[in-house]
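Note that the chains take the letters A, B, C, D, E and F in the order they are written out, and that residue 1 is the start of every chain.
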């Protein structure tokens, strides 16, 4: 099985980190290729960055489709351009935010999201409502730490993530944690051990979930909401 | 008051039609400028076209912001790129779909949408849910007529729109009709007279609504979900 | 354009204050007449006052209809008697609460309401649910200050309103504020400057919105939920 | 136990019919008094009639409170003035629409409402949403028969009610029927036998339910949404 | 009228306590029989205990049906096995949790639940959503006191229940309290006096409500969701 | 990876069929064991059968847990006893209904369910609401064919399933089909080819999904709603 992970952020360093996490998390029968949306914004920090990144990301998905890949993972917790990506793909597509939420609802009654900065919350809140999972989310928390500091693993960043994780469990009453930032992927196992609860990380969730869809022979519907785009006359 | 209407479709002919409708519908104290998202897809027929159009549309909005405009209308019933547009604007921004739905809920208990083709329905359905107005929508109906035939005003197109309007009122129990396609703007008055109920058309609704916001001194919040995008380091 | 503002409270002093605020907020092409529901309760502080005020308010609306007015604003944040008012009117009708919420959702991802006393909250909460906008409301807060103290502009009243505004932004995560009391109208500009976010005031929102509906040629549907009442046989 | 049934309609004939139905349906330990909202509209057929009736109905409830009654039933399927009635009462208050819906959800997975005329549907639909019970309602159907014809028991009226009852069970998939009109009370037993399913009639449901509340020692809360109205200064 | 209360817990001591509370709360025209689900788990503290108890509880309900009882109350706040119980019964069936919530919404705008231990909250939260009443619940609070200590009436238990009741009223803004544990039945009157608001206790609510249904001649629908189970061929 | 499929129905023939389907659908790195809930009802056709089956099914899950299995699939479309199963398991647990719905929402905008008999619909409808996925379900349809006829593959059964599949796509506007009955598993590929859309079958979806969870290192949370049951004192 050949799976494609696309980083909608243009940062090559971030794409390398995601590629490492993806290799570690790939299903045993899967070969994973990771690409980045070079040409778009270096990092996605809100709806405008998201919008500017999507055309480049769709190119990566179309290239991977032509190369015959069996599934795509959008490696941004905003699930950037998810509907458009499904329209250009025949293989199944999942976003890492979406994947993490769905997995969390299957192993916990209620989960909380711990992400990097407060600016990230509105998009995540909107996505949860759109997926029908708002009532299962006990809290949306930002550690107040920029993504770069999380990537660098500074002690302050780790302390802030621990603080919000504890508050999500004790104050919000969550039963599991979703790490709402691709850069937190390496922390999942440690936090799970420390707090004694499932900690869901999107890249592993996304690869496993899209592998499950592909393994079950499921491909994106080409009817209705995810129909292929019509070819336009030349402008 | 200077208002800006942006057509996210690249078609110059469509932009001219929208400009005519916008001039006819402009509030008395407003000067309206209409632009088109040249560079993007000729027409928006689903999430991929929408995604490809947004970067070009955002340029038009940024230019109009710099020119000091007091409000923006996105002249596509999909409300293409609405959140991103709000992030780049200080002036208020409304989509014509959103404007039509809000106006309809203020003059009717339940409305129905009559649009061009069935492919348009999934995006509209999703938007209604996102705006909290699904329960006020008695039906979503497609006339099965391509946008170009609607623009051309063929007898078959008009007959199909009439048929779905009647069904929306008699079968779905709607009290008002929302015309879900910019090309139907010129039909609103005729249909309203014929069926004896309000028929809401998005361009007039959008211009009136954004004019109302600007007139009340309201500008887009730069906190939270619509904060301005951060400047990125050079790539 | 001739717009009619009706104060469902019988207090003449309150009606005068509303008339002043309405004159200041009227659209440029609108002549505004303000009336009061003399005969009913002096002030509306809950469902019983509201119920006792509606018959008198409907008389004002019917008189203004006969005088040929183009739109009505119900100047009580409870949106007292809104459905019944729409049944007796052909011109569009908006409540100041409803107008403020709709405007807030067009310029901010999430808003909070700051009102006078806690007794006001249940009706506002119910209205938000009815309008489909509960999920966009980050918080409902009462300053704990009687309406008369707000009207008098006492330092204690202002301090309490500031305190709740700050809490709505910082604790609830709101991006805009809705002032949930007609007597707070004069504070909107000051608070908006001080806190750097939109502050929506209902009288301006209501006049602008009903002016927008009238300007777009939209009138209240006489089908379904807002049909005109049937004439009764003499008792 | 002394229970009070108030007919918000002013029609004396209708009040007599309700009194008969109430006597037949009263709990064994209850003495029932039925009053009518003389002074208001003869019949309630929409929001305006409802609004005009409430002040007179509240007088009846206040009189019955002073006379020491133990519970009130509002005998109009619109649940006219329910919140205001709860504010003036210490004894529990239920509307016959509300009572019928709650009872139906306790004995059936999904119910449908069969009422008199289509004009009645918008208010009922709104009430179901407000009570949180929309998802339990499989259908809202109007027999297209005026209330007076139902009262007169014409063969056409009965045939139309049977037709809609059958459609509610077979097409909508309802498991029980709610008769959405006080005048249908006498048909409940016959229809239940004929169709082999529960048929809930509001007057019996309302009296039984308010009797249950009173029997359990429960009275209307005087905190929050149903607090007693404040006394006003003389005008 | 013959009513049957079944304790899904196997504990004979608990069944005796429930029988005493049921006798005290029975409607005047009702003879009450209380049974216990001997054979199942001693106490129900989560979904597994609930699942193990249901087969035994269904036996009690079938026996009471054969004995001709007119209504059943499931005396566990989880409403254990409610749908299955309705399938085996012709007489109406209510759970004490469900009964308490429905009664609370008829006498208060918003209620809060005060229960024993935090482990009980997830099931109650799920039930409230299923009944459509989540929006009416201002808070779900656990006193952190085991059921046995509540039964024993220790001073610490009473202090904790008082503390959470006060917080529900003052912090959550509830207008009425639902006691979410059968063992708290004897505290309702005292707390209601002390806090000046309705305090709803499930055994009284359940008996009154099922008595109301039976009194109104309503029986469980045998169509759709509550149809009788089909007889199986011998295994 | 060792996965356990439990058939909550006691029928050995049905368990064999499920075992065959499970073997065909197992992930490549998984060894699958299928067990049946011998001791319970032969087939689950409603809430009572479901309730009687759960104690036996929980035994199978506990045995498989002790044997060290990595994931459990509940092979009944009702997702019988899902919450209780999660409480007794450390490994992840998914129901085949739940798995099919989640997979369908990842590859299609809207899906419809085609199941065997109308009696099955109420439980499925309730589950969809509980999972937050009701708005994504375009229709719930019963072919009106008993499970045994589906298993036997009679021409009438196949014709009825085709008829409802076509109606789900053309009338309801679904983009994908969920086959709501374990016995339909072998039809998925044929129907998908014939109708040109994804057809999701629960056993494949369930095995793939639980394999994905296990592969991502996720186990059922032992906090909150799925905490392990407390050990009881001997009775």
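Simple rule for what comes next: contacts are C-beta pairs under 8 Å (C-beta built on N, C-alpha and C of every residue); 3 or more make two chains touch, one makes a residue touch a chain.
Since the model is a prediction, treat every value here as computed from it, not as a measurement.
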{"item": "Candidate from C-E, C-D or D-E with the same interface as B-C, over half of contact pairs in common", "value": "D-E"}
{"item": "Chain D and chain F: spacing of chain centres that average the CA atoms, whole Å", "value": "42"}
{"item": "Centroid spacing, where centroids are CA-atom means, of chain A and chain B in whole angstrom", "value": "31"}
{"item": "Centre-to-centre distance between chain D and chain A (centres being mean Cα positions), rounded to whole Å", "value": "51"}
{"item": "Multi-partner residues of chain C (at least 2 other chains)", "value": "86, 109-110, 121-122, 129, 134-135, 173, 224-225"}
{"item": "Graph class of chain-chain contacts, one of line, ring, star, complete, other", "value": "other"}
{"item": "Which pairs of chains touch, using the document's own definition", "value": "A-B, A-C, A-E, A-F, B-C, B-D, B-F, C-D, C-E, D-E, D-F, E-F"}
{"item": "For the chain C and chain E complex, residues of the former touching the latter", "value": "118, 121-122, 129, 134"}
{"item": "Touching residues (chain side chain E, partner chain F) in the complex", "value": "10, 41-43, 45-52, 54-55, 58, 81, 83-84, 86-88, 119, 121-123, 126, 129-130, 224-225, 227, 229-230, 232-233, 235"}
{"item": "Touching residues on chain B, where the partner in the complex is chain C", "value": "25, 27-29, 86, 92, 94, 98, 102-103, 105-110, 131-136, 169, 173-176, 189, 196-198, 200, 204-205, 207-209, 211-213, 215-226"}
{"item": "Partner chain E, residues of chain A touching it in the complex", "value": "109-110, 135, 173"}
